[in-house]
Amino acid sequence: MKRARALRRSSGSGLLAGLAILAGLAGALADAPKRVVSMNLCTDQLAMLIAAPGQLYSVSHLAHQPQSSVLAEKAALYTVNHGLAEEIFLMKPDLVIAGTFTTRATVEMLRRLGFRVEEFAPSSSFDGIRGNVRRMGALLGREERAEALIAEMDEALADAEAQGVTGAIAALNYTNNFTSGRGTLADDIVTRSGLENLGAKLGLEGTVKLPLEVLIVSAPDVLIGRGRWSKAPALAYEDFSHPAMRALNAEAVAAAVPGKYMICGAPFTVEAVRILAEAAARAGDRGAQ
Amino acid sequence: MTLLHVRNLCGGFAGQDIVQDASFDLAMGEFVGLIGPNGAGKSTLLRAVLGLTPCRGTVCFGEDDAKRLSRSALSRRVAYVPQERDVAWAVPVEMLVGLGRIPHRPVFSAETVSDRAMVECAMAVMDVIHLRHRHATELSGGERARVLIARALAQDTPLLFADEPTAGLDPAHQIALMETFARLASEGRGVLACLHDLWLAARWCSRIIVIDGGKMIADGTPAEVLTFDRLAAVYGIKAHVGEVDGGLSVLPTALSGMRHDPGGSVQVNWKA
Amino acid sequence: MTAASPKARSGSAAPTELASPSSETARYRLVLAVLTLSVLLLFIASLFVGPAAIGFWDSINALLTGQGEAAALVMREIRLPRALLGAMIGATLGLSGAALQGYLRNPLAEPGLLGVTGAASFGAVIAIYTGLSALFPLALPLLALAGAVAAVLVVQALAGGHGGSLTLILAGVAVSSLAAALTALALNLSPNPFAALEIVFWLLGSLTDRSMVHVMLAAPFMLIGWALLAGLGRSLDLLTLGRDVAASMGVQMKRVQAQAVLGTASSVGAATAVAGAIGFVGLVVPHILRPLVGAKPSRLLLTSALGGAAMILAADIAVRLIAPAKDLKLGVLTAIVGAPFFLWLVFKTRRAML
């Protein structure tokens, strides 16, 4: 139990990679699963990318939503689940894949019912993505597919990184004034695009509040937004139209990275780096003028 | 001169007449006692005359129809002390008595010297000067009653209505209050008070109105109204009526058995 | 009138006692002066507290001259509206608490406990989350006002007039629970995933990152409400003696009712529309100040407005100092102070209630 917790804490580190290799060995020993159910947006997308035809049976309802899922169209091919134990039970899967943020109660219930449940921690860096992709490949008996995806991703990543201009400061500005600091996937994305992440510069860790005042005073060169989730009104969006924020918007280069590229770490996360690298180039041009 | 003119007054609550067809006048110099058993409609009659409860009929203050008088004009004609002696806040006594001057002041104007004098005088009359810094909510029932009457005296109106003002007062303060009311009347005001103490009414009122079952059944001087037979009929009591120390004295001594029922609905047999 | 007391109490009627009312007035003026001064100091302090580290002189320079681009934005667009709203909302809550207590003759009356802020919250939620306020900005304060009017009328119908404290509190509990449930329902039904998280704001209130737009939206409604409530002084004084006596002394009860209901609804509605439901200020402030002004309801109005402004400004400073990074809700702090106080008050007045 203690070790499991330690593992979770150091997610994305070498330990996780080690675990992935162990899991891969285990997967190779057993026969590849034939009826897989995924109940987490991030494992949904990894499974869709890696699984053999007919191997994946069901993905979560979030995977069907275009705001959150890059593979929303592909998700239509699979049965929908809502992460409820009862629902999963009736699907009779031979492997259940969950995120470590999935409800503990559901996961424990499924294990009690005799299902094999594998949990994935969210990736907090590109290293983490590589580890998760390899582990998924091993679990599904699709190691080759996984390696191909990683190779493709690394190539695209190298291209995107080459475009970026270093030096400009970028602020991640999510709804409700949240931002990402050190130890987050978003930080890795921003850094690889050649920008300096304001959250990390301010010494923040994880995804936390960045008070509007601090954002204004820091005067970032690039302002990274995730775009609106829904047309329906909410106070969460009021800050974007705050007079002080509008003044900042007029000064900074705006970069909108659709949320779906940043929520989950997967090969397509490179797209976020590419978008930001372009913004970094624009900021560099503006600075040069 | 007539201060109050009431004709055919009916009313009480919406849809139910507690007071039925009351008619009387009240002239300068009169101290009128309103007596009758519990639930007879004494309090309702006072409230109806003041327009505090829905009613029909004619009420005139002096020459003016009450319907045409504004609330603030009315507040300079008549002061009212209800039976409830509830004070909401722990206000110092002199501030409470000072509220009596508000109807005489334009909005947002401060208390004048004459206002102060009137308040001091009212407190002196009701013997509450020594209580001036005490909180009205901490006083005994009798003390609070005197403070509230002082408030009405400070209002300095031609007419004064008081609902059971002597309840809870010690005999000395009861007598002092009746003397004060009688003197106010003799100075040219009119006083109308609901009373339960027949001996006080008999001795100090200049006139007595008896009300029973919502109807006025007698109106006259104490000697005319407070007879043995009427007290037996209205209250169901035996009372000694006579003269003591040069004044009329009524002393209830026993229940008399069957009570006369004016409304035909209440039948009380005390001895049953 | 000459003295006719049964026993003349010598000395007690001495004319030297005539000086006392002016000492009462002097104390009232002192209380007003102290409160005004503390509101001013807290207002200034509020301008200099915030997560962004801006030097004292830079702040003043930025605020007054608009120089220093980022600092000026922070001072003028973030901290100034926050401090202004804090003072305005505090004044509204203190004033309406004092007015409602005087009008209902009950020390437990308060816009939050009576469900007025809760119902105003619900009105504001409807205006914002249906998108109505985006099309027509005045819909926000107007719907909040409508909710507040409905709450006051329901509570008054249930417990006004001769109802005791118990009826008043029960009616308030019913109205505020219903309003809170409807607010939560409306937010949960919103298709926006963030809406459900904003229940906390509407139930507890906050001044974080409000702007001048909010100040301008709320100010006219608050000013109208203040004017209506401030005009109640004399009637509230007379209501100390009960409704009948007040009426017999010239108070027009219907007008007073309209004034109290609309004044409370307009100012509290506007306050809630921009900052959510902040509770207990209207309960605590008048109660603390009452003994200092001789319990006279008219004197409690202005003092409670100032006291409320001071309390909200102080609470909002505390919220920023205690947990700078956590966006602690203002209503959390007022409730932590207010709720035990309310319990103590119920304990103290329970004999009168039952």
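A, B and C are the chain letters, set down in written order, and residue numbers restart from 1 in every chain.
The rule we apply is simple: a contact is a pair of C-beta atoms (placed from the backbone, for glycine too) under 8 Å apart; a residue touches a chain by one contact, two chains touch by 3 or more.
Just so you know, these numbers come straight off a predicted model, no measurement behind them.
By number of C-beta pairs in contact, the leading pair of chains is B-C. The chain with its Cα centre farthest from the Cα centre of chain A is B. In terms of their C-alpha centroids, the spacing between chain B and chain C amounts to 41 Å.
With each centre defined as the average position of its C-alpha atoms, the distance from chain A to chain C rounds to 46 Å. Chain A and chain B have CA centres that are 84 Å apart. Considering their complex, residues 1-7, 9, 12-13, 15, 17-18, 20-21, 24, 105-106, 234, 237-242, 244-245, 247-252, 290-291, 294-297 of chain C touch chain B. The residues of chain A lying in touch with chain C in their complex are 175-177, 208-209, 211-214, 216-219, 229-230, 232-239, 242-244, 247-248. Those residues of chain B whose C-beta lies close enough to touch chain C in the complex are 47, 50, 52, 70-72, 74-75, 78-82, 84, 86-92, 94-96, 98-100, 102-103, 107, 111, 116, 120-122, 124-127, 129-130, 132-133, 135, 148, 151, 153, 155, 172-173, 175-176, 179-180, 183-184.
Residue ranges of chain C in contact with chain A, taken from their complex: 50-54, 69-71, 73-74, 77-79, 128-131, 133-134, 190-195, 197-198, 201, 209, 211-213, 324-327.
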